[in-house]
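Each structure below appears as structure tokens.
Here subunit A shows up in two complexes: once beside subunit B, once beside subunit C.
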Partner chain A sequence: MTIANTASPVMVVPKRKERTPLGDAIQQLLKNRLSVGSGIFIIVLIMMAIFADFLNGYALQGYKINQPAFAQQVLQDNNAKFGHVSESPKLAGFVYWLGADNLGRDLWSRTLYGTRVSVAVALVASSVSLIIGLSYGLISGYAGGRVDELMMRFVDFLYGLPILIVVILLQVYFKALARHGAEGGLIGFILGLNQAMGGLLFVFIAFGALNWLGMARIARGQTLSIKQKEFVEAAKSIGVSTPNIIFKHILWNVLGPCIVQETLQIPNYILTEAFLSYIGLGVDAPTPSWGIMINEAYQGLRSNPHALFPPAMALTLTVLAFNFLGDGLRDAFDPRLRE
Partner chain B sequence: MFAYIIRRILWSIPVLILLALTVFVLMRAIPGGPFDFMGDKTMTPAIRKNLEYRFHLDWPFEWQFTSYILGDDVAGGMCRAMSFLPGCDVVQKSAGLGISKGLIRGDLGMAFRLRGRTVNEMVMETFPISLQLGSIATVLALLIGVPAGTMAALKQNSLIDYGASFIAILGLSIPPLVMGPLLIWIFPLTLDLFKVAGWGAKPPFILGVFPTSLGQDFWIYAILPAITLGTGFSAAIARLTRASLLQVIREDYIRTARAKGLREQVIIVRHALKNSLIPVVTVLAPLVVAVVTGTFVVERIFGIPGMGRHFVDSIGNRDYPVITGVTLIYATLLVAGNLFVDLMYGWLDPRIRYD
Partner chain C sequence: MSSKKFFLMFVLITVLSLVAAQCGSAPVPTAAPKAEPTKEEAKVEPTKEEAKAEPTKEEVKPESEKITLDTIVGTEPRSFDPSKATETTSIFFIRQMFVGLAAFDEKANVIPSLATEWKSSTDGLKWTFKLRNDIHWVHRSTDGKYEDLGIVKAQDVVYGVKRTLAPDTASEYAYVLYLIQGAEEFNTAGAAAATEPVTDTKTMTETVVATPTVDIKQLADNVGVKAIDDTTVEFTLKQPAGYFPNIAAMWVTFPMPEKAITEYGEKWTEAGNIVTNGPYTLKEWQHQASVYIEKNPLWVDAAKVQIEVFGGPINQEASTAMAMYEKNDIDIMADPGWPTPLADLDRIKGDPELSKELFIAPRLCTYYYGFINTKPPFDNVKVRKAFSAAIDRESLIKSVTKGEQLPAHSFAPPGIFGNVADNKAIGSYMIMDKYADQVTEAKKLLAEAGYPDGAGLNVKLMHNTSEDHAQIAQAIQSMWIEAFPKAKITIENQEFAVYLTTLLPATADADKPDIYRMGWCADYPDSNNWLNEVFHSKSVQNYSKFYNKDFDKLLEDAAFESDPTKRLKLYEQAEKVFMDEAGIAPIYYYTYVNMYKPWVKIVRSPVTGDPVDKWTIDWAAKKAARGK
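Now for the complex of A and B:
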């Protein structure tokens, strides 16, 4: 064996696909059939929310109505059961696939429009919480020292507040403000916007006020551990600016766990909105929210229990799907849980 | 540890005062007041003036808050001593009415809309009911959740495991808002079993909290709300117990215990289960919150005369002292729950030290 010999044979390395943590996680996620199914379900749900104007019972069955479908009142068909065929002059032959509520409004259409509220709450509330919490946690964790302590003390402080009650109080305040009205100015503009959104804007604001706290804690913890990693040291040593370190190096590593956490929170947002609407502090009637629909069905539970099922099923399935998806994401992004 | 507890309690005081202030500001920022209407009619200005005088609503905001925290006699005293302070002339006129001894003396004030009732009385009557409901639900959740999670973990990847996990996530996803009306429809309305709109235990309660009898009359009202409230929790507990027990039974000290020849039961209960409950306790903190606010939802659905219902009613009535008082009670409960959970960690995991 000579020295020359060792250099001559070329090592043949079998070509391997490049693997990134993100790619691994996605592959892991795709293996989880329940999560994939849930993901598809959620995408369908979002599509239904977007195209509700074309998918509601009236549009699908070719009935042209002036009012938005969810507000259409046909008192003749009130409390119609599943599959009831209308005989009222305006809607002769119209089939109520899922029945009608106490005002004769088609339950399929209302449930469909209710999707809009829930999907909007799921997406907007989680994004707001993610953005505020992530920025807060990044700054706090990266700054460290006194700033960190002060910022986290503030979070601890707010954490002592009962979130649902604060949300309810805020909603009471907003509702009264909306009832009272305001002329012009910023408040007038916000009130107008809120009215146009059927009361959703205030729901978003109330949710955004406190729900970022948990996210801030997680983001801070992640930032603390990542800022001590070698690659951040290396970036610092070659003189990368602080914003660049935060946004290019730390943010992307913190984002994964934060998104997973946020996904797990989504059912919570949907349920809170449903409850607020149930007690009349969420979106404004006649905007259909599943919470409002459950409340209306509950009022007539003795005589017309069928009205309960469409919104109840929709709410349960949606929460179930987000739970499965969140679980799948968590398993996929946490290598410790892999087999 | 004693110092730790004291510090935690002291730390919660500014939180509670800030909360009281927030509620105060929010409620008074709302246009209109609690005495705008009397029944369906608009209240006559003279009566309204009298009522506002009676309840110190004519005072400047900062004096109202001072009176709420310290008592109106103290506020009056402060004004007598320092009459140059703004708003003192109004305060001195009605400071002697003595409607509130102040939060620091444990007085939550008088209800505006329920004549002659104090918030303390209302809380004493309704809070035990909420507490009973919450406790039954928690016990139910633990009784179902921990054994189910343990079974699933011990028979990992078996039919039992899959079944339990599936039921758990289903239970987690059926919100009380759906479960409640559904149970009401199935049992009281269709099968004529159990009762709703009421509660089986009436004041006076033993020690101010416990129902005087736990007979059929009690359970006939309690069982459905407790199931509604407890299902989600038991599912959450089962999932956590399973996940954490799976981790624990692979630890070295479990193998050691097996090697020593301990009985399987002893290994699971004494060595594995106790350690696997630490993460479960972690979620008990949010669970305490969820029980507290959950009773709120369930009371609303089942028509239980608990504190949550008072809260929602008082919001509609603009009854400031009731809203503030009930909010503070909830917040105090939250603080106490969190503290209890933190102390439980120490008991379960001796490595944790309080400093």
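Now for the complex of A and C:
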């Protein structure tokens, strides 16, 4: 090794495209059609969530309403089937592309706004979990020794808690807090923010606070192995500061596996949100979430099965897409899986 | 090695517990009841005629051959203790298993039951009930043996009334009996005695405890109910009350089996412990799983009771119940199970078969949204009125509840003595010809109150967890947003038990919602049970904390008044004050939206607890349908 170093000026390095691990991974990922398709689907989904105000049925068909589109109801159109044309004086001629629920709310619009909730949960919960878990794991792994021991036992302790029950308890607590209300102050601000988000903020907090454990373990494991590597030794020996080593050298090598892990977790977040909403602890009515919509449709399943399709389809496809993308990413980042 | 041992142990324990569970449960439903009841039956006279009522009189009757009416049970009953029951599921079963002095017929008239006749003294203060002497206390053991524990006596009634009032019982319905002399003192003195020792210092405790116990005994003796002899009970009231026989038909005055209660304490209502005096006995009550009652062979009219077993699994999902009904697994969609779910009503009405089984009838209940009258901004009558006026009751009934309910504009529904449902002048702002006019009125009121278009309002609406309540809440929320675009309205739900605690008058207003959903069903068909017992400022049920001096006065006068026409007038005035002040927003008067299989013939009661002993079933038709 040392010989090669001294000899470098003499050797003629053959012209070769520079390859980085990230570049390799992207190359690899693009070869996986299922993953690419899923990625595109997810991007479209995010776009739909962002532009829901312009894509909902009422906006697209040019109807002016003075309610949020997901709350707009025409009681006499309740349980309208696919493509039903409204005859109500308020919204004459309005077409329910996907039908209406039992309060006469347009299912297309509601599913669309439900996308917002699911996408928001996916993005926020995963970033919170990534940030907390990654920093915790990096510190723990890099520090090693007693600190590492202590930090990891704490994670073990948290692992022992039944997460779902804790999330439910937190939700109940936050909801009570919201009912209590507070004028001004930090709590007042948070409550206002939560109300503006249809009760979503508390779901996020509950998730973020509890879902970083797996991430911390993976990050720590990776850090432990990478900090033994020569390039870290080298950086240390030429006097690079510890934060620089962590952020410039270790972080980027740990990030790959962590992102993969996080992508595979996203379906869990979406499903848990749907579950919380299903049992009435998720977003506040009338804000739609796929979980709430599925619950409402399920009650009338025998009479109006059509109401179940839009949210159930959306949920299934989204969860599948995130899973496929996660699988693709994992394969792409793992050199051993390449041919 | 050790993990292997562990595993083995685990497997062994699991298997053993399974076996044990099998042994424990198996004999209860199948083996035992075959021979014994028939033997017992033979002793009692009336059963000889039983052959007429039902063709299947055999020595040994397998469980599946018993004439069974299947239902589901909507919620886990809170208690089968007549002193403690408060909700419809428990009360339904209590009415099958116990009989009281009086009962209600199909038109909610008071009819004799355990008492054959009663009369009041000329001043209306003393009521004497003559009891019949052929109703027996019955104990059914878990293996199906019936034991006669003697005649129900006047002393049992006295014991029952005093037990309901006893502070230790903590009955939520005790206030109904406050019109009996000394009842309120007895019931409330206990509360003071119970809290005092806690607050006092250790040294003080002994003396403090000692005095109230003496007091309580004395207070119990002072309660105006006594047994003149074994078949005569006398009540002394503190005020004349023409509606007293109604109270005598309520479960809180039922006779109770003192021996069983002292023997088993809290557990006396469990199957195998319970001692009952009605047409049915408790056969099985697996908590959170199932409830079954069985015909009491020692019942005086046992020959006329056709249905031998009634009950089913506890299931909280109305949609599941509907699926079971359509599969012929259950015979009724009615109390004590679920009514027909809203989501399926349109399909049922359109279905040629199912529509024939649908049964809609008025019910003595009112669905309402209460305002917390002490919590701003709902301490302002204009805000309350505006929110009440902005509800489109007609559309709600037509498109959401769909059960031919009547839009409500007063509290007591038609069929209650003193109701004003026909007087459209009362609460007229809720039932204008055009809903648009109501909205205009509501907007005007809200602007006058200082909230134009609802600006600055942050309203929290709460209901107990249920899909149907959620639907109604969202529909009304949408109407409010439509009428007051700038108001923020949020909906929250809580599980029923928690919900009731949240609403208690003692809970701090800050912990309460601004608007709450509630329903009230008649315990007896008189406005006293409605306005006075729910919204008098002293009532525990007055969750809205509505207070109006005139209103209270009118109700007290009406309670004392014995002239029916004057009472009617007083209740009319009270309703008017109540609606003018918009203490609550009544939404609709309930209907029963039930379904019965064609082979079931029912007799219903407008008051909770249809008499199952009078129901009949075409057993052959049911079996044929099930065989399919």
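In the analysis below, the second predicted complex is superposed on the first by the 324 of 339 C-alpha atoms of A that agree within 3 Å, B and C clash if a C-alpha of one lies under 4 Å from a C-alpha of the other, contacts with A are read in each partner's own complex, and residues count from 1 in each chain.
Here is the rule we use: a contact is a pair of C-beta atoms (placed from the backbone, for glycine too) under 8 Å apart; a residue touches a chain by one contact, two chains touch by 3 or more.
Bear in mind that the values here come from a model prediction, so they are computed numbers and not experimental data.
Chemist: Where does A:N253 make contact in the superposed view: on subunit B (first), on subunit C (second), on both, or on neither?
Modeler: neither
Chemist: I'd like to know which partner A:A176 touches here: subunit B for first, subunit C for second, both or neither.
Modeler: Both partners, subunit B and subunit C.
Chemist: Of the partners subunit B and subunit C, which touch A:R302 in the superposed model: first, second, both, neither?
Modeler: Touch partners of A:R302: subunit B and subunit C.
Chemist: Is A:L103 touching anything from subunit B or subunit C once the two structures are fitted on A? First, second, both or neither.
Modeler: The second partner, subunit C, only.
Chemist: Once chain A of both complexes is superposed, is A:S135 in touch with subunit B (first), subunit C (second), both, or neither?
Modeler: The answer is neither, since A:S135 touches no partner chain.
Chemist: When the two structures are overlaid on chain A, which partner does A:N78 contact: first (subunit B), second (subunit C), both, or neither?
Modeler: second
Chemist: Identify the partner contact of A:G291: answer first if only subunit B is touched, second if only subunit C is, both if each is, neither if none is.
Modeler: After superposition on chain A, A:G291 lies in contact with subunit B alone.
Chemist: Which subunit A residues lie in the overlap of the subunit B contact set and the subunit C contact set?
Modeler: Shared contact residues on subunit A (touching subunit B in one complex, subunit C in the other): 176, 180, 298, 301-302.
Chemist: Would you pull the subunit C residues touching subunit A in the complex into a rising list?
Modeler: Contacts found on subunit C: 318-319, 322-323, 326, 341-344, 346-347, 395-396, 398-400, 458, 460, 462, 465, 467, 470-471, 473-475, 477-478, 481-482, 485, 488, 490-493, 510-513.
Chemist: Hey, which residues of subunit A end up touching subunit C in the complex?
Modeler: It is residues 66-67, 71-73, 75-76, 78-79, 102-104, 175-176, 178-181, 195, 199, 280, 284-286, 295-296, 298-304 of subunit A that touch subunit C.
Chemist: Quick check on the complex: what are the subunit A residues that touch subunit B?
Modeler: That would be residues 157, 160-166, 168-170, 172-173, 176-177, 180, 267, 271, 274-275, 278-279, 291, 294, 297-298, 301-302, 305, 308, 312, 315-316, 319-320, 323-324, 327 of subunit A.
Chemist: Could you please specify the touching residues of subunit B with respect to subunit A in the complex?
Modeler: 12, 14-16, 18-19, 22-23, 26-27, 29-32, 169-170, 172-175, 177-178, 181-182, 184-185, 189, 289, 292-293, 296-297, 300-301, 311-312, 315, 323, 327, 330-331, 334-335, 338
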